[in-house]
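For reference, the structure is listed below as structure tokens.
Chains: A, B, C and D, in written order; residue numbering restarts at 1 for each.
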Amino acid sequence: MIESRHESVIVRRLSRRLIPLVQIFALYILFFGQYNPGGGFVGGVMLGTSLILGILVFGPTDPLTVVTKRIAETDGVGLMIFAAVGGLCLIGGGQFLNYAELEIPGLAAPSRRSLGIILTQIGVAVDIAVTAVSIVFSLSVMSGNGDSHG
Amino acid sequence: MTYSFELPLLILLILTAGGAIVVKDLLSSVLILGSYSFFLALVWAWLGAVDVAFVEAVVGAGLATVFFVITLFGIDPRDTLIRRTPPPIAAVVSLLLLGLLLLYAANDLAAFGDSASPASTHVSPFYLENSLADTRTPNVVTAILMDYRALDTLMETVVIFTAGLVCWLLLRRDAK
Amino acid sequence: MSDHLPILVFLIPFLAAICMPLVGLNNPGRCRPLALTALGGMFLLSVVTLWRILSQGEIRYAFSGWAPPTGIEWVADEIAGIMVLVLSALAFLSLLHTRQDASAELAGRTVPYHAIVLTLVSGLTGIVYSGDLFNIFVFLEIAALSGYALVGVSGGRALVSAFRYLIMGSLGASFYLLGVSYFYAATGTLNMADLAQLVPDLLASKAVIGGLSFMFIGLGIKMALMPLHGWLPDAYTDAPDAVSPLLAALVTKVALLAWIRILYWVLAAGSYGMIIEIFGLLWVVGAFASVGGAVLALTQQDLKRRFAYGGLAHIGLILVGVGQGTQAGVTGGLFYLINDAVMQCLLFIMAGAIGWRYGVRTLDDLGRTRLPTPWIITGFVVAALSMIGLPPTGGFFGKWYIVLSAIENENYVAVVAVVLTTVLTMAYFMQVLEPMLRDGETGPRSPEIETPLQLRLSAGVLSVAIIGLGLWSDRIVQVLLHATSRLGL
Amino acid sequence: MVELVQGWLLRPNFIAFVILFLWGLYITVTHHNLLKKLIGLYLVQTSVIFFLVTTSAKDGATVPILMSGETAIQPDAYVNPLPHVLTLTAIVVQVATLGVSLALVAGIYRKYGSLDEDEVLKKLK
């Protein structure tokens, strides 16, 4: 179903408007996860599904799909962010993922932890968004370009 | 605790679950499963688990349904016909035993909503009391998820990452 | 820095796995060297870790700086140290022995393949180290997802096997999670050390007994314990030759290790047999699995399938030892577990090698074909000796300790089961070795160079390791005894 | 015995969990259609998560998001957040498993042209 764009012009127009809104809401959910329900997972899944909507509606030639396809190849970047934050804690002298040991001058331990939570949530969101898109690409490689003889 | 709001939800939950199982058309049954997830999210919101409800609504009712539907569209199954055969005796018997074990084990669980239960008194008060001071994060669930038990979160992200790789490995043979 | 060793050991394959998609984006050829380097580095670091554990005692690592039970804790004791060492070595060798043209078979899928091998290794490492029940669940799922993918990688029939594996494995994980939930509901904690403090007072609680039963069912599926083994033979037979050594050696053993930890570390239970009687019968399940597995192995034509059933028997043997409830029994079971990992790895490497090299997949093929390859025959013989349990090998000493502990318990049924399994194992290996050795003597020998260097290296190292495990068995058992002495058995 | 049954009936959540768990398990093990098996598996996984969430409930407690400016925090005023965290993780694991299983189903369908387990097994031979 990725092979062509959606035939209805209403769906295409509406999605063009809707996708940025969904993404802004996803970012809101992501960054206010410390104060509201939500956070990395939900934000990431919403980002991912907004991109999936774009793929399904605009078809394979649309710039959005092309960009998304490039993004889907960079699987693992989100985890690198997460692991890098954890690794910085190791370098700072604490245990793995001990954000209180992040070496940021002028910040007390609770603020460092708060910062660590935001950074790692970004990592989670990026990874989940990218992977969701990647799984959808894989699952839709069925007819045509996939091999049919196993 | 009164169940007046929850009972209808639970009944709807079981009805939608049954619908997803019984309905013959695969696409319909997948969509009914989406509504099952949605009712589940409502039940959890009622239980006070707003974060879980949110994730279930987005992941269960959203992403899981997207995966199901894309698979169904991609493979366009011709045999959505579902046969029914008499249930194997062994499966029924072991299921009954399992059910008895579940009910037996439930006897010594704390009563529902008991704020003096071990689950609510041993470790969890620490999180509630200290998370704001420790992490400046009012949402205690986020604080535990991303800080106190951050390793679990890292690893579940790895689970998702692995799933992405697995789908790639199994389905995309024409990679450059 | 030496307190951080467990997490460093874990981070090497983990980081390599998550970097793999980017590294392989433009040049997939880099994946195999990266994976091999990571596993090699992991091996070296795990040697250092084991040395550190042996010299200065166990390492308890509290993640995020939160002391348990608030945070997640990893416990690197002697057993975990040895197990991770074995795990990384076996993963390195099974990846190394894969021939170079495996990349052609993988058809542009080298990137996810190598990344998934590494996630499998990281998942297993996590299970071994983790001291937190829920953390184990997450790692179990990482390892399981990787396992499903590796089974299904060659497509076709393997996909069906992988699907069955997935259904069973996910049900197992759900049961395990259910057990953890019952434990949590009854105690309010997930940390093993903390549970060990709380559970003895609750041993009469039905919730704890139920939770334990569900965990046992769940991990029983994961370790392919006899009545729950349905997924294993197909999965190991249909997995590509490059993968089945890794799976056969590690996946079930690590699940079994997790169960041993729960049984003895969580229940704090020298006395568990007396309090929860039903788990005093664990050795019966083990004896049933060991005899049943060996009998079923005897009836199989396909070599890999035959060895897969043989592996089931060995899981049962380990449980016979562990189920004795004495220090000698647990130690013997753990020692046999380590041996079993090594010899299963060698056995499946050899089975894969003759399958690839000579197209020998079944006993009939074996009778028809000459195998003029001393390396392969030697490897087979060493693995077979150890599987049967003959003196110079590690397998003998593992069985020896298990039988000793059973005799000490005056548990003669268990002794009979072990002996019966040994006899059956000998029978099914004779059917394999007899045509192989007969033709090896009469047939002309072709130059050894035909066996690839990596294969010879893997086979040689593993054979030496099996003999070495036998020769130094007393040293290893001393270390294990030291670890199990803290259990208060 | 009467008290036992009464005890179970006082926990409608638990009854719902048991029904969903057993029904899902039964479908997963016995159904012929691969996709229906996955639906059964989904029910099993969600029901276990449901059970875990239920352990977090406290009478008269509210969602575990602390009010701003509150100084002395009463743990009894908020539901237990730890099971929520575990279930979040479990849900993500569940959807990852679903993705993998759908990939396998898609592969099987591509190869054998059927979602019926018996038919696939017939074609295997």
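Basically, a contact is a pair of C-beta atoms (placed from the backbone, for glycine too) under 8 Å apart; a residue touches a chain by one contact, two chains touch by 3 or more.
Computed from a prediction, not measured in an experiment: that's the story for all the values here.
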Could you tell me which chains make contact with subunit C and subunit D both? A, B
Check: interface with higher C-beta contact count, A-D vs A-B, is A-B
Length of the line joining the C-alpha centres of subunit A and subunit D, rounded to whole Å: 25
Can you work out the whole-Å distance between the CA centroids of subunit A and subunit B? 21
Compute the distance, rounded to whole Å, between the mean C-alpha positions of subunit A and subunit C. 35
Counting only Cα atoms for the centres, state how far subunit B is from subunit D in Å. 4
Touching two or more other chains - residue numbers and ranges from subunit A: 35-37, 41, 75-76, 79, 83, 96-97, 99, 128, 135, 138-139, 142, 146, 150
Residue ranges of subunit C touching at least 2 other chains are 14, 17-18, 21, 63-64, 134, 138, 141, 145, 148-149, 152, 155-156, 159, 184-185
Pull out every residue in subunit D that's touching 2 or more other chains. 21, 25, 55, 63, 65, 82-83, 86, 88-89, 92-93, 96-97, 99-100, 102-107, 110-111
Using the contact definition from the top, classify how the chains connect: line, ring, star, complete or other. complete
Subunit D-facing residues of subunit A, complex: 35-37, 41, 128, 135, 138-139, 142, 146, 148, 150
Going by the contact rule at the top, pick out the subunit B residues touching subunit A in the complex. 50-51, 53-55, 58-59, 62-63, 66-67, 70-71, 73-76, 133-139, 141-143, 145-147, 150-151, 153-154, 157-158, 160-161, 163-165, 167-168, 170-174
Note which residues of subunit A are touching subunit B in the complex, please. 1, 33-42, 45-46, 48-49, 52, 75-76, 78-79, 82-83, 86, 96-97, 99, 109-111, 113-114, 116-117, 120-121, 123-124, 127-128, 130-132, 134-143, 145-147
Of all residues in subunit A, those that touch subunit C in their complex: 73-77, 79-80, 83, 87, 90, 94-101, 150
Touching subunit C in the complex: which residues of subunit D? 21, 25, 28, 34, 37, 41, 44-45, 48, 51-52, 55, 82-83, 86, 89-90, 93, 96-97, 100-101, 104-105, 107-108, 111, 120-121, 124
